[in-house]
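Take this structure first; my questions come after.
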Amino acid sequence: MTRQGDGGQAAAALDLGYARVDTDRESRQGLPEVVYGPGKTAGQIRGIVTGLLTHNAGPVLVTRLDEETAAAVGEAVPGGRYDAASRLLVWRPAPTPARAFRVTVVTAGTADLPVAAEALGVCRAVGLAADVVADAGLDRVLAVRDRLQASDAVIVAAGMEGALASVVGGLVRCPVVAVPVSSGYGAGLEGVTALLAMHASCAAGLTVVNIDSGFAAAMAVHRIAQIAEGRR
Amino acid sequence: MTRQGDGGQAAAALDLGYARVDTDRESRQGLPEVVYGPGKTAGQIRGIVTGLLTHNAGPVLVTRLDEETAAAVGEAVPGGRYDAASRLLVWRPAPTPARAFRVTVVTAGTADLPVAAEALGVCRAVGLAADVVADAGLDRVLAVRDRLQASDAVIVAAGMEGALASVVGGLVRCPVVAVPVSSGYGAGLEGVTALLAMHASCAAGLTVVNIDSGFAAAMAVHRIAQIAEGRR
Amino acid sequence: MTRQGDGGQAAAALDLGYARVDTDRESRQGLPEVVYGPGKTAGQIRGIVTGLLTHNAGPVLVTRLDEETAAAVGEAVPGGRYDAASRLLVWRPAPTPARAFRVTVVTAGTADLPVAAEALGVCRAVGLAADVVADAGLDRVLAVRDRLQASDAVIVAAGMEGALASVVGGLVRCPVVAVPVSSGYGAGLEGVTALLAMHASCAAGLTVVNIDSGFAAAMAVHRIAQIAEGRR
Amino acid sequence: MTRQGDGGQAAAALDLGYARVDTDRESRQGLPEVVYGPGKTAGQIRGIVTGLLTHNAGPVLVTRLDEETAAAVGEAVPGGRYDAASRLLVWRPAPTPARAFRVTVVTAGTADLPVAAEALGVCRAVGLAADVVADAGLDRVLAVRDRLQASDAVIVAAGMEGALASVVGGLVRCPVVAVPVSSGYGAGLEGVTALLAMHASCAAGLTVVNIDSGFAAAMAVHRIAQIAEGRR
Amino acid sequence: MTRQGDGGQAAAALDLGYARVDTDRESRQGLPEVVYGPGKTAGQIRGIVTGLLTHNAGPVLVTRLDEETAAAVGEAVPGGRYDAASRLLVWRPAPTPARAFRVTVVTAGTADLPVAAEALGVCRAVGLAADVVADAGLDRVLAVRDRLQASDAVIVAAGMEGALASVVGGLVRCPVVAVPVSSGYGAGLEGVTALLAMHASCAAGLTVVNIDSGFAAAMAVHRIAQIAEGRR
Amino acid sequence: MTRQGDGGQAAAALDLGYARVDTDRESRQGLPEVVYGPGKTAGQIRGIVTGLLTHNAGPVLVTRLDEETAAAVGEAVPGGRYDAASRLLVWRPAPTPARAFRVTVVTAGTADLPVAAEALGVCRAVGLAADVVADAGLDRVLAVRDRLQASDAVIVAAGMEGALASVVGGLVRCPVVAVPVSSGYGAGLEGVTALLAMHASCAAGLTVVNIDSGFAAAMAVHRIAQIAEGRR
Amino acid sequence: MTRQGDGGQAAAALDLGYARVDTDRESRQGLPEVVYGPGKTAGQIRGIVTGLLTHNAGPVLVTRLDEETAAAVGEAVPGGRYDAASRLLVWRPAPTPARAFRVTVVTAGTADLPVAAEALGVCRAVGLAADVVADAGLDRVLAVRDRLQASDAVIVAAGMEGALASVVGGLVRCPVVAVPVSSGYGAGLEGVTALLAMHASCAAGLTVVNIDSGFAAAMAVHRIAQIAEGRR
Amino acid sequence: MTRQGDGGQAAAALDLGYARVDTDRESRQGLPEVVYGPGKTAGQIRGIVTGLLTHNAGPVLVTRLDEETAAAVGEAVPGGRYDAASRLLVWRPAPTPARAFRVTVVTAGTADLPVAAEALGVCRAVGLAADVVADAGLDRVLAVRDRLQASDAVIVAAGMEGALASVVGGLVRCPVVAVPVSSGYGAGLEGVTALLAMHASCAAGLTVVNIDSGFAAAMAVHRIAQIAEGRR
């Protein structure tokens, strides 16, 4: 494991040959490195996860993991919990504190639910108090306005034209993170249209993450929650 | 002037050398050919307009005309009326009938006003009862819901992400024609994002016309009005 | 089921957890919400359909449904009729009135037939008198001109370059709704070329819906028919 | 001025004919509506600003304003302050509180300075404690790591390939908002490449706003600051 | 001037420093090299043209030349003839033989005339019998069918959706070369939509050249005419 | 079978319900309609082919047909010959005349062979004397220059960057039809890069057809051959 | 086998019918032609490889070969060695000289390993001393700076936003060849975003090869090594 | 001026407020930082250049500078030399050593000359022996083959379809750096087509830099030359 002296610019890394695990990230960013599952073998994931569990103290997450690989990894590294809807495998989830940061994940339709599930799962694993409001289409979103306005942050998962993000952005004063979803067909261009539309939105202060990345949205909210808690 | 016999598949056309004026269109589609101004000299426009005024009976329109050319044409062919906001030059506008078809042109912001002006001007020139509701952003559109619901058709001119079209589409039962506007910057891609987003919209039955084409939207409504009147 | 008082801006919605059914849409737009099939389980569809059949009175449609799911849903909710060509599952189709609105669905080639079938099925389910004219390529469309000119609205389903829409738009005076189709290969860019070409068309008043969406075209015509009937 | 009762879903709006001023936004979102300058006449801006100053209590901003129009508006509505670098015209800037939210705006090169200036100006106008670290290219960013890590939020304005955002995202634990900048040439595609690259970034929890929009980034941080302050 | 022996693979070239004039092309392809005007000074063009007039015997053409440069070149190299509509400067045009190859250049609208003028001018300069049929829109093209069917080749210059090329392709049996034109706006994407649509066309055997290149179309027809004459 | 009188603009068409067979095309364009296989059932193809064999006298082709469907159709309609490499099913191929039009099909690599096979097969079926020169990469094309220069037309099938078309275009004086091929990966964008590059080529008079369409290239050459023969 | 005399411009080629093997390339470029595997049958590959082994003396490589075809070819042409990770089949690999050119292949994440394996395998097969540094993400790259700075050339394989190439480009003075990788999802656009970002990079002198082409990067380094060795 | 101790990861930087001059780059990469001119004032450039001249010993370059700014900077910082063709302003150019690295810059046409001039100027300023071969189109490149094969590296500047790079790549064994040029029109997409085509090229080992960046190509060659010299 390389480690540098007082200069310290080079993060401590556990070199596994096929991967260099950034064991320093927890102290630097408040959360251990999260493992992106696709393209890694069960053996590789086991190695990385074991390294993180050993060298770090916080929650350890693997994302976008299919059930079969999850079973193999889970057997090899006990204590993990897999959720098929969010495709997340989690060890040592953070407890939700008494006055937790409240996140609402809103979806425009049922096709956005898998993305919302990932956002929800990651939020909860890192100690945020998160809930989903499903299928809050444009003509149904006003019905849940109170829940949105009571949130500390809102994640909007929306495919098609992504207009729900603009509408929610205009209803609440808290941070809104938009996730374009690749559902739909034709002119939706597999999420690219929603991504561009969310950027072009007239709702001031809306921010956007990558297509289908419930994970990225949850991590953005985690950063916000950390700073908000730090200032208390 | 070519004219074919009973077969009649070839539309009658007045051949001016630089243009073939489709004098038959009035009987075929209920409105004389409309002249697209850009790229034509004042002399060419004069020739085409004179041909239309001579061989047809209804309103004659020139679109997207700059003031200078409009002045030259207007002097050469009396009776026309130019409006700088809509860039339209019109002869023999149709009278608005007693129980006219009611069109509301809605804009998402002030940047959409030139496109709305063209739609308004064309609607009125062909005998529709049209009005503009300006700057009806997402958080202001509910305030004008009653006016929208009292319309026979709604034209939505919206740039940026074009979400206003989706919202209006969910509020009214009448036909909604969306015009993407090339205002905005960056991810708006000069109207292409709005065009794609309007197509990907979840509002069922929304139709879309070309970027910035208030003219095309008005003509689509004109087709609808003709069929609605014809069925009375 | 949330319901708001006199303000009423928030549509009544039946909250099923995985979906919020907009039971108010029938009174607002003249037709119950239509269920988009892909990505929903048979159980979810059954729940939504049952809600719509209970709280609404008009036709209930599920679109883009594969045969297997259709069979499961159809068994659970009796009275539905499935059509494999259009992939539609329909309960309580509207009767076609004596002097029904006449819609002609035109295709440019046999590859456009599935899209045409969806348009046809939706039109008929909502009470329009619809027929298909198949394979009316550019050099064959004049042969069916009379049928087109006798229509109250025309839907054109065309892939490749989409030129049929321009040609039809120049032949008839009624509303023309163009559906770009993702058939073809190479430069057709899975329907994007046809979509852009239809927008750039010189046929005034042509409107366009999303790629392959026979449903959207039918709903656009349904809006037109409603307003035309309302004005009678 | 329309105002609705207890329902209140329709935001109060001051209808000026050419614009509907959302005077309710201050109470709903903590800041009066911000006026987007381009495409509006000095007279229109004067009208909107006067309405906001009258009906709201907080800071009033006009963005992307050229010097000439700013001078005309400034003369008509006294008390405003114009800054040419940020193209902002501001009335009643918010005071910076004792323990203000600290924002660092980082640029990748000097070409990003105008975008940074807008972000800086808006941050300061709404009461945040903001500073710029200019030209912190990839090989120079480690030298300012301490300043970045002492921030409550970081805004990264970067053109070309936008890699600075990824690097900063890996250095700090606070929220990072990336602004793609349209500087550069060729493969930069006027900012589109940077926008896409920032989304594809491996730095977890990075969020992105529209190309060149220092304003959007500042507003995103304003939302974060509000929630952080509210939780204190 | 480099010249190679019997191997001869390297074309003879006159090296002017700023340009290498392919003096061998006339014997290889039946026509001297054509000079593309933009980006060259009058002095450079004079040098190249003088070289071609000296070493070759056939027509010498400069394309896309503005009037000012044309005047300067024309003065320096006598015998040339400039045509402002086609922006062509031509020396030693080929005579039109008794039984010349007949080319018809068709345009979809008046905006396509400059492209048609270039095609026409190049055709005539190389000895083809060419004429223009202007503004033959979709609903007017049947009126000129006889002229099209009497041609040995047809060039179609069409912007917007380019549908005219498909229609003409279905009417005639001779070669049809389509030139997409960058006229129009919005979804026309400066000619790219027409280019793609012409390729996706259902008219079998249609070929396409670069956007706005009347020159390329004329040269394609020149190749065809050469082979047709050679087989006589 | 619809047939119109003296006007005759509407092509004679055999209406099969699912397809309208353009039986008039043979007299209009010198070749019966060619059947595009994908998306049609064996039964539909049988119906169309039978119609063409009955009402027309020339070769009948079905393109892009998989082996299984070909077998089914071939059994139902005797006399056809299927070639798996070109995916063509052909009845009544035209005899190759004594002094046939000579076509050379050149490929840039072995990945282009299927496209070349289709071009070759169609050429031969319509009576042209065609051959393939395979794998004539940039550094190997000079070795086959003589064969190219002895051709009446050259078809270049090339993927990747499509540069072979430019090189061939500079070597021969006869018509060159370029077919972009979707082989390769990454920046080749499934043939779109080759298509654009072929259009941007500096080889004057090169024409281009749709990606992977050996058929379209062969039909373009067929048009050329017809006119060349007609002029003999 | 065609061979030309003193002119020699046409490379010697072994014509196999389905392929023309450029046996002259070894003398011209210092390495026999490399065989691209996809789309070729085992029989075709055997023929080409046999030709290369017979007429050339250096290493013979087949790229992107699946295991099954590799087994068939390997059996038919003894002496080859297949590596499943790099999908390379190699005969007669070049020996690594004493003072070999040192290449370091760096990857941004484990998803880039297959591309790195191809680069590594090709480098070694042509006699370069190559090693891989895996998973050197932005926050881990400084830890391997010394290894990078001790290299004669660096290949960076990076997907997502490709920022690692920029960072490495700023750390070393030797040539850096960037390979965009098609891993990732959404805004990564299958490697296109990384390709564009690498080009827009601020790291001076970075060069880029095609998406996923470890082979192209290795060949670029091979050219550099040849020239560097030649100058010794 | 920040400077770090033994850790040294943070490059020494001269902080001018508007810019952070990377004075450490000369020792790290063998050449002082090069100043990109556009968007910087004469005063800013003077400040940066003065810093570089003071803290570094090698050549100092400003790129893409217009004549007016160059004159102002040149007056303020004596000793610089401006070249209008390359838009370069250079102080302390490196001497060309006796056995200098030989670079040939090839252009496909005269429109590529400005890009070639920048490449040439930068090469010479950093001590390489560079020359330009202008207008070496596809059919003229063989005539200069000997000059190309005598080079240590070749830079190819080519617009349109960029095929010259593929051809040159097949002729020489040395490194070839391709610069796509934004000349041409239509399907050239302002250099994007050439960029993609160069990447898709079949010439193994070709590398590519950003559109129009003669500077980037020269810097890539400088890296190669450094490593080649270092190994001598």
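Read from first to last, the chains carry the letters A, B, C, D, E, F, G and H; within each, the first residue is number 1.
By definition in this document, a residue touches a chain if its C-beta (ideal position, glycine included) is under 8 Å from a C-beta of that chain, and two chains touch if they have at least 3 such contacts.
Values in this document were obtained by computation on a predicted structure and should not be read as measured data.
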Pair joined by more contacting C-beta pairs (C-E or B-D): C-E
Listed chain pair A-D, C-E or G-H that repeats interface F-H [over half of contact pairs the same by residue number]: C-E
Centroid distance [mean C-alpha coordinates] between chain G and chain F, Å: 37
Centroid spacing, where centroids are CA-atom means, of chain E and chain F in whole angstrom: 25
Multi-partner residues of chain F (each touching 2 or more other chains): 4, 9-10, 28, 109, 137, 139, 142, 145, 170-171, 186-189, 195, 199-200, 210-211
In the complex with chain B, residue positions of chain C that touch it: 9, 28-30, 34, 101, 142, 145, 152-153, 170-177, 195, 199-200, 204-211, 215-216, 219-220, 222-224, 226-229, 231-232
Residues of chain F that touch chain G when the two form their complex: 109-111, 113, 134-137, 139-140, 142-143, 145, 183, 185-189
Residue ranges of chain F in contact with chain C within the complex: 2, 4, 9-11, 13, 17-20, 22, 25, 28, 36, 38-40, 44, 180, 182, 191-192, 195, 210-213
Residue ranges of chain H touching chain F (in the complex, touch as defined): 108-109, 137-139, 159-163, 166-167, 170-171, 184, 186-189, 193-203
